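Each of the two complexes below includes chain A, the first together with chain B, the second together with chain C.
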Partner chain A sequence: MIYRAAFPLLGVLATITLWEALSVLNAGSFVIAGPVDVALWLRANASLVGHASAATLSAAFWGFVWGNLAAGAIAILVIVLPRTERFISFAALVIFCLPIVATGPILRVLYGTGTGPQITLAALAVYYTTYLALVVGLRAVPTGWTDLVHLYGRGPLTILRVVRARACAPYLLAGLQIAAPAAVLGAMVGEFTGAERGLGVLTLRAMAGLDVVATWSIAVVAATVSILAYLGIGALSRLRGEGPPVLILSTGSPGARDPFLRRMVEAIGITLLLLLIWQVAMDAFGLSQFFAKRPGDVLTYLGDPVARNTLLGALWETLIWTVPGYAAGLVLGAGLAAALTLLPGTAGLIMPLAVMFRSVPIITTAPLLVLALGRGATGTITIVAIMIFFPSFVACLHGLAQTPGQVRDVFASYGASRLRLLVSAQIPAMLPAFFASARMAVPAALLAVTTTEWLATGRGIGALMALTSSTSDYNMLWSAVVAVALVAVAAYLLVERAERWILSSYAAEQLA
Partner chain B sequence: MTSFTPLTRRHVLSTGAATLGLGALGISPAIAQTTDVALQLSWLHSVQFAGSYIAQERGFWRDEGLNVALNPGGPNAPVEPPVVAGRALVGISAADYASAAVAQGAPFKIIGVAMKKNPFAIASLPANAVRTPADLVGKRIGMAIANTPVLQALCTLNDVDINDIEIVPTQYDAAPLLNGQVDCLLCWATDLPVAMAMQGVESVTMLMADHGYSVHSQTYIATIDSIANRRSDVVGLLRGEVLGWAEYEADTDAATDLTLAMFPDAGLDPATQREQARRQIPLMFPDDASDPFGWFTQESVAANIETLALLGRDVSPDLWDRSLLEDVYA
Partner chain C sequence: MHNNDMATHDIIASGLSKSFGGASPVDALAPVDITFHAGQTTALVGPSGCGKSTLLRLIAGLETPTKGTVMIGDETPRDLAHRGGIGMAFQDASLLPWRSVHGNIALALQLARQPFDAAAIDDLIALVGLEGFADARPAALSGGMRQRAAIARCLVTSPELILLDEPFGAVDELTRARLGSELPPLWRARGTTAILVTHSIAEAVTLSDRVIVLSPRPASVIADIAVEGRTTADIENGMDAVSRTLAAAA
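So, the complex of A and B:
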């Protein structure tokens, strides 16, 4: 017991030692401050940091609540009325893709001053991952059980209440664990739309003021809060007595195939509906056409070949980075989760590092990474991987734990090695969660690449969007938003295709 | 240096009463309804806007019948949308931003200029200094890619080939200069060089305005509609600004103290703010101009139009409307 408890402590100690060593090695470069300086700064500025944290964390909290409530509502809608799934999935994806360059001014104009934009951006940062995790969880039920409820003449609502709600709990908790750091970051970024106080405000101030100790101290506060929230939600799941499920969920059946024509009609219908919502929502709020461009504006603007070529050129530059960044993030997340399963002792070392990497704002770490790795392929892909690996790491970790007890017993009775159990039993059990995270990572990777382009490489659609804000070129901005959304939808469809193909063998209940 | 007649409280009161048409009724404007308006700032709160804080603290706007909210900006808070949408009566922009917005269909006028000299500068270290634009050749410059046209204009004005300069995209941060990733930075003369000085690093600052780059900065913008229909509010807001910035010029340290007191949670460093407040003075009240605060001349407008043309903007003098300032100083 003592031995096990010592590991997390060792991990924290190792992290702090590594961090101090890095700061000593980079002394004088103004990109990193060590834990000693940070502790002293925090002590000296306790009241300032207290006020800033209170402002940011209350926005993050309300964003977390609203975002997850919204995710729950649409996930239940999708389960009870499966016909709505395609539309809701794509609407949720497209809204998640909206960059803050486009949403920031709109939220400020809608809310005026106050914390509305911070809360909304925190909610937007969390709802999508929770929604995807919940849908997978609500479906992770044995087909026999749903058949049983049907046999008693009860409908989908009873199944939801009696069967699905319980089955989804571990997935929901995984979703909430992913959401907690995202809410904090969302609230901080929300302050970039104009705020009087908060951790995001202090970060901007410290960076421009070359106050690297303050920059890192604020990052440490944000990371600590995220880690505590992560651990708190994790403790909640242990409280429930979460163990591996006892049942094998499905025996596998070939997934039904929709005819091509029907899918095409459906896709066109969804697109038209989304465009209609875009137009009507902006009209309803009376948003000025100067900065809130409508679908018609974008269509007219892209009729100009110069604009179209600029956009396509930038998009191409972005895609070149997105694909390797996406792959690197997924591999890092799934790989870390697998490593943790093979070597459970390393959990104490890897977990704090992973949560910390995710919850430290990228504008704090990017200068260090760029200094170490440069602005080329290595630096860019590393930044993107760090920004997106976390959801797949957490989802895969929970997925690996979903290996049915009967299967474990079989492997144990044959004296199979840990590696064999991982490859033949746990990874197949992890697949639904892995694919859910692969879908989560699609828009996340695009957002990560565009952020990196703005911070470090100065190319692609991220740099183009940053430029539009100083030139009021909102036509180009909204055209870029549409382009990013289309790419996200296309990539999502590709991932989904691979998912259906693989899950039809391993987890057919997901394809219901 | 100012040559305008000082505005007395009595003068303000009498015009205020006349505007409101309340004088005849014997109602003093002091108890008359105040109008809520907002001034959209272009960045987070700091001494950059200290004149406005003075105007608020000293009640210069209250005397005008205005209750002015000072809305902070930020990296994702462009000034133009809230002004177009009417959330803010007046915004703090710059001639290049404002002219771009107008080209995109925004109905703005520039009605005052707080920084007559543009604050953009090239900062470098003494060992590898950039003192003239010609020194840029062969250097690596750290800047936001969005500012490429600014560098392009400086190069054109001084016969430097921009292709001889290596542009490195950086965050708005002096660290890349100090750790040798770049040789110089494109920044404001009032922020990153001050930050370096506070860390004990001596730097060389070449102000672009001294090399032909004429772009009015920290300009007041308002919509044509507001200028026509809410003229007295706009003039009142400007009058408060004029009075506030006059006090700022007289004592930047007092202005800094006020800023720090008003925004204790903004994380402002007193020494940095004090220095920034001092370095703003030559940009807002240049020695060679005898004009009062906010004022702009026909010549400076012509010079702006020339520089803006280099930035790819076709601008007409109609973008500027001095009539409101003329009312203020009448």
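So, the complex of A and C:
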């Protein structure tokens, strides 16, 4: 037990040692700054970093608050009025899929100076995971509990107040835990768009000055802040005696069992409704047509073959590196999780480290990896893969552990090997968790790749969005937003389709 | 709240049936006509999946009948439910894990909009033999203790009608026998009408004044057996009669 408790600490120490060794070996390559250099830099710049961290944390905090309040409001709406779910879930997904690399600059124009964009992006980065966690949690109520309330002639609002609100607490905390690092990421992207202070501003400055030590130091601070936010909420949930956070499996889209054609018609209907809301919202707030483009503007603009080809070319450039990174991250995550179950004991030890690394925002690691691996395919694919790897690894380890004890006993009673148990029982039990992470990994992969392109590689649709926002080519910027969101939503629905198809034979109970 | 002169209304199910599913519905309950007499305890027995629980849920107002009605006097089950007139104990106790025994029992008063009555709750806790466990969470209780807490919860609103859906299903045989002898007097003494669903012929006969035997799905009444008294001979005669009917139906 002591060994187990000490392991994360030992892991951190080992990581730091390895990091220092690598930096010494690569001295003079201007790629890695070691922990000693980082510590010295941080001591020299303590006040600067302190103020920047305070600014970022403040924006992240308010984004966290607003984003989670919004998530709570729409989750409650969905539970009380189930008919709204299809629209709300789809709209929430579409908004979550908007590339923050482009929405950031647009928000900057809307808000002007100040902390508005940071807070809004932080809110946008957190609300979806909290929403999903809340919907799953609010529904995770045995029928006996709802029957009890109905038995006394009380309705859905009483069930919400007396039963669901309390029953969803562990799910909410699990969702908030994932949301906390995401808020830091959102705030930093907001700062990239032209804030006065914050860790994002320092990152940009360090990268522009090719200051490797500063880049690493700020990355370490941002990563530490995110990990602490993650661990802090984890500690809060243990304090409440909720036990370890529940793995949030899918809810999947409602109505996913309906015939394909019907779902398509419905998706088109909901899309048209969203476009209408987009148009009406822009008009209602009287936003300038110059930077606040309407659906019609994008359609007209993309009617021009030159613009269309530029957009599609950039999108293609992005996707050919995203797909391999996405696939590699998922396969490595699931593969390593499966391999670790063959070595009993190791999974429980590596889990805390993996959980910690999962909460390191991509913003902080992307510049470092590009420094190390270059601006080509290797760097980008690696970043996407790493971004996908940790969540899918953690989810798959949870999933593998879900194999019922009695099933294990049956295998043991026949003297089956560990490998046989893994292939025939544990991997099928892992599939729901695997697919839940595969689905959530779609927007994450696009976020990782567009951020990397924007910050570092200068190619693909991420760079196109960065370029057009700096040249005020808002037609192209909005078109890119629409294109990325469409690709993300389509890929998400495609993964969900595959999930339904495979789970229907391996885990039918998950599709209830 | 301990009034012994309950409104004495029979529960009358007329032409009551239930089917589930849209395009190709499954009949859970064929049309049945049953009168449950006020103040009596009636057991429903029948093969697994025959629709006993569906019938109970229809009487509780938790399901809407496909056809037919359930009336208690001039009230529907939902009218009765709305004023806290129905208590129900579920197969899995369905206690809220974050509330204590006391809190779970108090919940029924809260839901039924009845005034909080700590003394009455304590009396019931003592009555079901859970003294000293008022502040315990369900996770700290055995299966039998949870069922007793659930029964206390179902009695706290002084309902006219209590519905017991295999309340001792998750309890070991010894506890089951003890609960079976200890608990029915609690509601009999109050003149409460009780309807019990069970798999166990012994339990049905021991606990009730009358046993209704249902056929395999869709359920219909195939026998209606009165248990004449509480002597061992009465119980044995009752069990013989129920067993013979079930064997003949199978």
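To be clear about the criterion, the second predicted complex is superposed on the first by the 326 of 512 C-alpha atoms of A that agree within 3 Å, B and C clash if a C-alpha of one lies under 4 Å from a C-alpha of the other, contacts with A are read in each partner's own complex, and residues count from 1 in each chain.
One rule holds for everything that comes next: contacts are C-beta pairs under 8 Å (C-beta built on N, C-alpha and C of every residue); 3 or more make two chains touch, one makes a residue touch a chain.
All of these numbers come straight from a predicted model, not from anything done at the bench.
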{"item": "First (chain B), second (chain C), both or neither touched by A:Ile270", "value": "neither"}
{"item": "Chain B versus chain C as contact partner of A:Val101, first or second or both or neither", "value": "first"}
{"item": "Chain B versus chain C as contact partner of A:Arg154, first or second or both or neither", "value": "second"}
{"item": "Chain C versus chain B, contacts on chain A by residue", "value": "B"}
{"item": "Which superposed partner A:Ser472 touches (first chain B, second chain C, both, neither)", "value": "first"}
{"item": "Interfacial residue positions of chain C with respect to chain A in the complex", "value": "57, 60-62, 78, 81-84, 86-88, 90-94, 96, 98, 107-108, 110-112, 157"}
{"item": "Contact footprint of chain B on chain A as seen in their complex", "value": "28-31, 48, 51-52, 55, 100-101, 104-106, 108-109, 112-113, 189, 191-197, 201-202, 204-212, 214, 287-291, 363, 366-367, 370-371, 375, 455-458, 463, 466-467, 469-475"}
{"item": "List of chain A residues in touch with chain C within their complex", "value": "142, 144-145, 147-154, 158, 162-163, 166"}
{"item": "Residue ranges of chain B in contact with chain A within the complex", "value": "38, 44-45, 69, 71-78, 80-82, 84-85, 87, 97, 100-101, 103-106, 144-147, 167-169, 171-176, 178-179, 181, 191-192, 195-196, 198-199, 263-269, 272"}
